[in-house]
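Two complexes are shown next, each including chain A; its partner changes from chain B in the first to chain C in the second.
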Partner chain A sequence: MPSIVVDNISFSYGRGDVLSSLSFRAEGSCHISILGSNGSGKSTLVRLIDGLLPLRRGDILVNGISVKDEKSIREIRESIAIIFQDPDSQFVSPVLEEDTAFGPENYEMENIDQIVSRSLSAVSLSDFRKRVPQTLSGGEKERAQIAGALAVNPDIVLLDESFSMLDDDGRKEMDALVGDIWKERLIISITHSADQAINSDRVILLSGGKLIADGSPREVLCSVSLLRKADVRPPFAVRVRESLKERGISIPPVLTTGELKEVLWNFR
Partner chain B sequence: MELSLSHASLKRDTFHLSDISISIGAGLTAITGKSGSGKTTLLSLLAGLIRPDEGKLSLDGKEVEGLLPSCGIIFQHPERQLFASTVIEDVSFALRRSGLDRDEIVSRCEKVLSLMDIGKEKWNESPFFLSGGERRRVAAAGVLVTEPSFLFMDEPTVGLDSASYERLYGILDSYRKESRCVVIVTHDQEIAGFADRVIVLDDGRISADCLPSDILSSDIVRLSEALGIERTSDYNKLVSGIEAFCRGRKWN
Partner chain C sequence: MELIGAYKPGTSPLHRMDNTARIVSFSMLFAAFLIASGSILGYVFSVAVLLVLYRTGSIPIRPVLHSMKRFRMFFITIFLMNAFFQPSENPFFSWWILTFSIDGIMFGLRMVLSVILLTSLAALLTAVATPLEITDGLRTLLHPLSFLHIPVDQASSIISIAISFIPVLAAEGENITLSALSRGAFPGGRKLKDKAMSLIPLTVPLFLSAFRRADELSFAMEARGYNGSIKRRVKLSFGLNEAVSVFISLSILIAAILLKGVSIVGS
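Entry: the complex of A and B
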């Protein structure tokens, strides 16, 4: 069962702590959103989990292995795939099939050609394997990144503001694809958008490098005061409810636009 | 002040624009469309960053041959526009080259950095050591400080937190009130709904040029339609519409 245990970590780039006494545990097949504003420490956390930054205070265990254990860092990295915000900055090869093969080759996996074919097929890019990655459209580039991650068969997938450059439909398509191909894995999405966190199983809210809420999307995202504290824009339906409240109209708590519509239709 | 692109076409290996003719005046224009539809290319043509293979760009009837005068561009990854060794050097760069006197430069930098919530304690720091959000704000400050007549922004809402989103609304509104010309490329339906006009691109061609509420399918528009209130793409108008909808009724 994939697991990440973040145990009382703090981190600084030299001027104040970016993360401060942060602890949480994530395990099993689930989708967790880590939500926070710019500068809340979200991306730093991703880099610490993957051992890309040196952790000195506290500890992080990935599948039971400490990121501080330099001898085991390769094992940790083999179990994690990260998809960053900008796909262009993540391509490493001039041809898509070589790019997809990059991870398996570095992890000395066998049957690489089969792995590449399977991965590209899973994201409907089989016909694009000889293409230059940079010439793909925005959505195709994101699917190419997913193929590269899929090829290393990770236990844990970290999505760092992934797909935020796509339009709503494109983002929903990628979310569905990710949920489908990694439904047995631990997915952690890093995002500043409360609307994008609605469909996760759990939301962890960060503010100034500290955890200020950890619960279901409904528990965390319907709390305007918590979101304000974290400088996160509430989901659309929650914002409308709050605006109506300011105008003296009270409606029951809602999380999604569908719920809001249903509640408003009950005004007769 | 009218910026016109007439019969502009451009073809490269991976993208193309075909026979684009538009005129853009003061106010906020949003260019939207699917990924790969040519939005960023159109913005680059309007700013004079690239020239069309056919057709021409003109300002008030006079052909523009290079970069559009008094033009500011905030690219999709504004943090990549940073280059100086300190925040203040970066933000003041264009003003120092323009020959403005020191007091005016300091005054404008103070104003724009305050607007962008970059405190004075960070002015002499390297912009490359700031957080991602701060870097984007400093880069935007370096453009806004020039107070351009034409402001072009490519996907300005990507990666913005709550405060930055509200700040962007404020900037767009003030530029609109000052009758400047702002063109944004965006896939964010809410910010497009705030525009005076929306141009939709589809595979390198203009497929619609209309009011935001005529074309967008944001949550705002969909909810106003579902409730049978006035169709709108503007959040504040939606809330007013819902308020009127609820008044005089009881919640069951």
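Entry: the complex of A and C
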């Protein structure tokens, strides 16, 4: 069972702590959103989990292995796939199939051709395997990134503001694809948008590098005061409910637009 | 105006070729053009081959030739260098190390024609293949050198990453320029110094952006377990199209060698 244990970590780039006394545990097949405004330490946390930044205070265990153990860092990275924000900054090979094979080659996996074919097929890019990645469209580039991550068959998937360069429909499509491909994996999404965290199983709210809430989307995202404290805009339905409340109209708590529609429909 | 070296997307057989097979074919064609140069028959042969190749690649040749006007000073220099330094028994005049003769003029013209033919062939290669595809082809071709511990993979990775970043940085440079213009910056005056000074505010953000991207790329590569010592797979998709192309190129090379032989025997 994939697991990440973040144990009282603090991290600084030199001036003040970016992350401060942060602890949480994530395990099993679930989707966790780490929500926070810009500068709340979300991306730093992703880099620390993958051992991309040196951790000095506290510890992080990935599948029981400490990221401080330099000898095991390869094992940790093999079990984690990260999809960063800007796909153009992540392509390393001139041909898509080679870019997809980059991870499996680094981990010296076998049957790389089959792995590449399977991965590209899973994201409907089989016909694009000979293409130069930079010439793909925005959505295709994101799918190419997913194929590269899929190829290493990770236990844990970290999405660091991935797909944020797409429009709403494109992002929803990618979220659905990720949910479909990795339903048996531990997925951790980093986001600054509360609306994007609605469909996860659990939301961890960061503010100024500290954990200020950890619970179900309904517990965290319906709490306007908590979100304001973290400088995060509440989800659309929650904002509408707040506006109505300010005008003296009270409706039951809602989280999704579907629920809001239902409540407004029955409001008459 | 058409740019020599610009990639033109398409679906022609030359576009669809395997990257390595394309480099092999074009290398043979370059060799054929070099061998065939020197005789009128050889030039006619090379021009005919070039026209057929442009037609096969669905690339119009007229704009390419038109854009060569910009290199006229270069061609004139090549002509003069060869026309005045070619030794001859019947010169029009001779002074110091300079000799001007009909042989020199003919030699100069032949050199200019050869350069135009080779440039046109190179323009065709860059029109049907992106820089990354060319790099990929070269990497596969040079792969055997990695067994001699020559870091072909690392070198080609560096080159292909650098090439792939050019359009990204060019787009960012354009955005930075537009942003500066929208905030009241004016392009420098006519003097070179003024122009250079006006570039400074654009250079700093562009460098910062390049460093940020390099940082992101290094994180992405490390996250995917990058290991410089790994020998990368080399995959050659050698189908019928590639076999036919290499065969035709080889035939052209042999024909050029035969033509050269005929012209030597004839003279």
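As a working rule, the second predicted complex is superposed on the first by the 268 of 268 C-alpha atoms of A that agree within 3 Å, B and C clash if a C-alpha of one lies under 4 Å from a C-alpha of the other, contacts with A are read in each partner's own complex, and residues count from 1 in each chain.
As a working rule, contacts are C-beta pairs under 8 Å (C-beta built on N, C-alpha and C of every residue); 3 or more make two chains touch, one makes a residue touch a chain.
Since this is a predicted model, take the numbers as computed values, not measurements.
Student: After lining up the shared chain so the two structures overlap, which partner does A:Val152 touch, if you call chain B first and chain C second: first, second, both or neither?
Tutor: The answer is second: A:Val152 touches chain C but not chain B.
Student: After lining up the shared chain so the two structures overlap, which partner does A:Arg77 touch, if you call chain B first and chain C second: first, second, both or neither?
Tutor: It touches chain C, and chain B stays clear.
Student: For A:Thr135, is the partner it touches chain B (first), chain C (second), both, or none of the two (neither)?
Tutor: So A:Thr135 meets both chain B and chain C here.
Student: Have a look at where A:Tyr107 lands relative to chain B and chain C in the superposition and call it first, second, both or neither.
Tutor: The answer is second: A:Tyr107 touches chain C but not chain B.
Student: Considering only touches as defined above, state whether A:Arg47 meets chain B (first), chain C (second), both or neither.
Tutor: A:Arg47: touches chain C, not chain B.
Student: Touching A:Leu264, do we find chain B (first), chain C (second), both, or neither?
Tutor: first
Student: Does the superposition put A:Glu97 against chain B (first), chain C (second), both, or neither?
Tutor: second
Student: Quick one: classify A:Asp175 as touching chain B (first), chain C (second), both or neither.
Tutor: It touches nothing on chain B or chain C.
Student: Under the contact definition given at the top, report the residues of chain A touching chain B in one complex and chain C in the other.
Tutor: On chain A, the overlap between the chain B and chain C contacts is residues 86, 135.
Student: For the complex, which residues does chain B have touching chain A?
Tutor: So the residues of chain B in touch with chain A come to 13-14, 32, 34-36, 76-77, 129, 131-134, 136, 155, 158-165, 187, 189, 219-220, 222-223, 226-227, 235, 238-239, 242-243, 245-247, 249-252.
Student: In their complex, what parts of chain A are in touch with chain C?
Tutor: 47, 50, 52, 74, 77-78, 80-82, 84, 86, 88-95, 97-98, 101-103, 105-108, 112-113, 130, 132-135, 148, 152
Student: Spell out the part of chain A that touches chain B in their complex, as residue ranges.
Tutor: Listed in rising order, the residues are 13, 37-39, 43, 85-86, 135, 137-139, 161, 164-170, 192, 227-228, 231-233, 236, 239-240, 243-244, 247, 249, 251, 257, 260-261, 263-268.
Student: Spell out the residues on chain C that touch chain A in their complex, using ranges where they run on.
Tutor: Counting only chain C, the residues touching chain A are 19, 130, 132-133, 135-136, 157, 160-161, 163-164, 167-168, 213, 216-217, 219-227, 230, 232-233, 235, 237.
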